[in-house]
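Only one structure is covered here, and it is reproduced in the block below.
Every chain is named by a letter (A, B, C and D) in the order it is written, and numbering of its residues begins at 1.
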C-alpha cells in the first residue's frame, strides 16, 4: 500500500502538441482521484503516463518512495480498465481474468481461487467459459473490471469505463464501482469527461484543461467553490449561468438591474457573474437582490423546469438567465421576478477567469 | 400544413425479428412528438418508415388525408436529420444545403435566398464554402439541421441529432432546436434514447419498448403518471425506486415497515412500489409513512446527494431505497428515518407491470 | 531499440524490392562496355541515351505504347463497369448467398492462368479472334474481375448507409444518387482498383505473346522481350533496360497523377462525413 | 426491379468468371472422341478417368506436385515472415515517411514482371542458381512482398491499440504480446495473404519454365503445359484439362480448409473486442 505522486509531469509530442504541460498531484491509499476534463485536456495522456504506456518528457512519477517514471508497465503492479474494455477476443472470460496472473507465474491453484473470488464478486460465475464476443456490453465491462481486480494491484487506473454503457446501466454500475474500489483501500485514478461520474465517485477531483490542473479539491468544493470560470462552466448540469456584466461603482449592471459587487479593492470595468440555475428562485417580498424578465423557453427536466428568462433591459443586447423552477406552475411566456441570493453568487475576473474571493 | 398519422404500423423482417409490432399515433401541426426508448425498441424503424426509407409490412401512414405509405421518400416533402449527420463529404456546406432544392428545380435566386436565410439563423454564414470534413462536430450538426430547414418541409424527422455532441454543447443545442422547430409550426418527430431530451423538447412523448407504444402523453404525465413499470424505470434520472414487496392485508411489507396499499379490489400476494428518489425525504414528526435504515452509499450530484439506504429488516434479504437529500449534511453511514409521501408513491402490478390507479 | 529493429526490417524489405528496379534504371543509361564490364560496374561514371534513341529508331515503339494503352484502358473500363455494380450489390443487399458468391469468386482466382489460358486459346481459335484486340481485352477483364469485386465490395461496405438514405430523402433517384453522391466518394477505390487492372493489362506477357502475332498490334512487354531479335545468344541488355523503363514510365506517371486518390483508396476508412 | 437488375449483373459476372473453369472440368472427364466432336459436346453423356490415370503413369506427376508445394510453402512463409513485421511497423509507428514508403512499395508493383525477369535471369546465371529452388523462391517472395505488406498493414491498422496496451499493463513483453495476443487475432489476415502468395507461387509459369530445366525439379504448371510433348500440332486437350484440375485441386482444398479464416480476413473489421 503506497502513495502515488506525480511531480511536474510534462508530455511534449511536438512544440505545438503538448497534451500535458505541468501537472503535479498525489493520491493516497483509500483515495479515489478523478481526472475530469473535456476531450484533449490531457487526462488520458496523464493516465497513460502513470500506467507506463507513455514516457513523460519531464517530471517524475513516484509510488511510495520509489521512482517508477521509466519502469515498464508490466513491472508497476498497476491494473488498468480501458474504455474499450480491451478484452482479448480469442480468450475465454476465465483466461482473460487469469492472463495477468499466469504471466507472474502465480501457482495454478491460487489463480483459480482468485478468479473465482472476483467472478463471484462481479456475478461472472456463469460466464467464465464464454468468449468476450458472446457477452453484452455490461458483462464485458464487468469482465474488464474483474481483470483489473484479480491482479490485486497497488494502484488501479480506470479510463472512462462507463462511457459505453446506456444511461440506466451506467447509474447502477457507477454505484457498484464506487463500492468495489472503496473496498480495495489503495489509490484509484479515474478518468472521465462526465462531471456526474466525477462528482459521485471521487474523494478528490482534479479538473484539467489545456494540460494544466485547474482545480484539485473534493467534489463539494469543486461544485460550490469553483476556482475559475472553466471549472464553474464545466461542472454542474444544467450549466451555471455565466454573465459578463459591466460594472458601475460597486454594482454590476444586469439588464435594468444592479447586483452588489463583492468587497474587492478596485472595481474593474467588467466582471463575470456566476450563479447556478438551482439557486435562482422566484423572488419573495423580503429578497433584496432581484431581477425581472420574461420567460422565453421552458425545458421540462421532470423534477424541475429549466426556465430561460430574458432580463428586462433598456439596452440593445438582452441578457438571459436560466433558473430551475418547480413544475407545479406553467411558466411559458410569463413575466417573472427572480431572486439571486448573494451567498450563491460567484464572481470571476474577466481576463484571468479566476474566482474573486473576498 | 397537415397532420401526420400512423395507423397500426408493423414491420416484420423475419418471424423472429419484428422491430415494430403495432404502432398507432398522430402528430399535428405545432406538435413535437418524441419517440423515446432503449436501443432495439423500434423507434428508428418507425422513423424510417415515416420517411419512406423502409416499407411497413402492415399499416398505413397518412399525411393530411393522403395515404403516403408507399410513396417514394423524395416525393414526401419531409426533411430528416440523421444521427451521423450524413453530410455529403465532397460538397461544400452551401451545396449540401442547396442539394435538395436543386433537385426540385427551385430557381437559383430562391435557392440562394433560402440558403442565406437558414445560414443566418444557424450562424453558418462564414462556413458556406467549407467542406464538412473541415467542420467541428457542433458545426456539422448545425449544417445537418440547416439542410432539413432549407427544404421547408411538411414534416421534420430527427434521428438522435444530439448524440454525437458533448454534454455542455448538447444542453445549448437542445434549447436551440426547441426554439427553431417550434417556429416551423409543422409536425416534428424526434427519436432519442435520452429521456432528458425527450422531456425537455417535446409536447408529446411516445415511450416505445419491444415494438409497442408503452405510453403516449405529454412529458409531465409521462414523468408523474407512468403507465407501467417500463416507463417508470426508463424515465427520470436518478431512476425511480422500484421495489417488489409482499402484501399483508392492506399493507405492503417494506423491511420491518408497512406501507398502506391503495384502494384496490383484491390484494395480490406481491406488488411493486415505485417512488422517485427526489420525493423520498428525511422524516418529519408529522409524517405517517416512514421507514428506517442505514446509509451505505452516498453519491454527490452537486445539487443533491443521492443516498442509498439499506432498510432495517429482520428478514434475510435487505431492501434498499435511494433518496435525494440536501448536501448540507454528511450522510455517510448514518442511521436515518425517511418519509414516503403517499401522494408520490406509484403502485404497479407485479405480473403485467401496469400501474394500479384507484 | 525496438524501433531500430523495425526500421531495419523496413529498410531490408525496401532494398529487396527496389534493387532489381534500380538495376534496370542504371543499366538503361550505361554504355555497352560498362554493361559487359567485369567486375560489374554498379554506378556508371558516364551515361548515354543511345539505348532509348535506338529503341524508337529501329522499331515502331510508339505504336506498341498505343496498343498497350488501348487494350489496358478498355479492359480497365470494362472490369470497373462490370465489377462496381456487382460489388455494390454484394455489399448493400447482403443477400443470403453473398458468402457463397464471394467464395466462388475466390475459387476462380485459384485456377492457374497459364492452364485456363490453353482452354482460352482453343476458344480464340474457334472464334477466329487471333490478332484481334478482343482476344486480350476479354481475358484481361475476366482475370481482373474477381479482385475488382472483392476490393470494391469492402470499400462499399465502409460507405455509411446514412448518406444514401439522406440522398433519397433529399429526392435523388437511384441513378442520380449513384452518380452524384456515391461515385465521387468511391472515386479513390475505383482509381486504385482500376490502376491495378491497368497495370496487369499493361504488363501481361503470355496472352499478348500468343494471341497477337501481327507486328503492328504487339504490346510493349512482348515487343521489349523480343528485342533480342537476330542472335539468341547475345542479350541486348541496354535496349532491354531502356524498354523496361519506357514501358514502366506511363504507369509511374499514371500513379503519380492519381496519387491522392490512391493514398485515400489504400487508407481504409478515409471517407468521413 | 432494382434487385433483379443487380442480381442479373451478379449472375453475368459469375458465369463470365466460371465458364472457362467449368469447361476444363468437363473436358477432363470426356472421351477423346467427345472432345474432338463437331458440333461441340458441352455436357458429356459418358465419362472417363483415363486422362487422370495416364497423367500419373506417363509422368512423375507426384514429383511435380511436391516441387510446387515445396517452393510455394517456402516462399509464402518467407513473404509473411518479412512482410508482417514491416507491415506492423508501418501501421503502428506511423512514421513521417510511411506515406513515402507506401508509395515506393506501390511503384515497385508497377514494373512488368516479364522485363524485370530478364534482369533476374542475368543474376541467376551469374550466381549459378539455375536449376536451384532458390531461383524461384527468391523472386516469388519479392514479387509478393508489396501486396503482403499493403494488405497486412491495413489489417494491423484496424486492430485496436488498446489491446496492446492492455497486454503491456498485464505484463506481456513484446514477444509474448506478438505471439499470444496479436498473432491469434491476425491469423485471418495472415492466412488470406499467405494463400494469395501461395496461389501465385503455385501457378507461376514463366520463371519456373526458364530457371528450372531439370525434369525432376519442374513445377505443375510447366509440366502440364509441356504435356504436348512429341507433336506440337496436336494439343492433348484431355490430359491437359486433367492436369489443370489436379494442379488446382490442392489450392481448392487449401481454401476450403482455411475458409473460415479467409472469410474473416476478407470481411474487414471482423475483430471485435
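Here is the rule we go by: contacts are C-beta pairs under 8 Å (C-beta built on N, C-alpha and C of every residue); 3 or more make two chains touch, one makes a residue touch a chain.
Keep in mind that what you see is a predicted model, and the values were worked out from it rather than measured.
Chemist: Enumerate, in label order, the chains that touch subunit A and subunit D alike.
Modeler: Where subunit A and subunit D might share a partner, there is none at all.
Chemist: Per the definition of touch at the top, where is the C-beta contact count highest among chain pairs?
Modeler: Highest contact count among chain pairs: C-D.
Chemist: Hey, how far is the Cα centre of subunit C from the one of subunit D, in Å?
Modeler: 17
Chemist: Taking the mean of the CA coordinates per chain, how far is subunit B from subunit D in Å?
Modeler: Taking the mean C-alpha position of each chain, the two centres sit 55 Å apart.
Chemist: Between subunit A and subunit B, what is the separation of their C-alpha centroids in Å?
Modeler: Chain centres of subunit A and subunit B, defined by C-alpha means, are spaced 25 Å apart.
Chemist: If each protein chain is taken as a node and each touching pair as an edge, is the resulting graph a line, ring, star, complete or other?
Modeler: Per interface graph, the chains form a ring.
Chemist: State which pairs of chains touch, listing all of them.
Modeler: A-B, A-D, B-C, C-D
Chemist: Provide the residue numbers of subunit D that touch subunit A in the complex, in ascending order.
Modeler: Against subunit A, subunit D makes touches at 160, 162-163, 165-173, 176, 181, 184-185, 271-273.
Chemist: Mind pulling up the subunit B residues that touch subunit C in the complex?
Modeler: 48, 51-53, 72-75, 78-80, 82-90, 99-100, 103-104, 132-133, 140, 147, 151
Chemist: Give every residue of subunit C touching subunit D within the complex, in rising order.
Modeler: 2-3, 6-7, 9-10, 12-14, 16-18, 20-21, 23-24, 27, 82-83, 85-86, 88-90, 93, 95, 99, 101-116, 118-120, 122, 142, 145-146, 149-150, 154, 157-158, 174, 199, 202-203, 205-206, 220-221, 224-225, 235, 237, 240-241, 243-244, 247-248, 251-252, 255, 259, 262-263, 266-268
Chemist: Looking at the complex, which residues from subunit A come into contact with subunit B?
Modeler: So the residues of subunit A in touch with subunit B come to 38-39, 166-168, 171, 174-175, 178-179, 193-196, 199-201, 219-220, 223, 233-239, 276, 278, 296-297, 299-303, 306, 308, 327.
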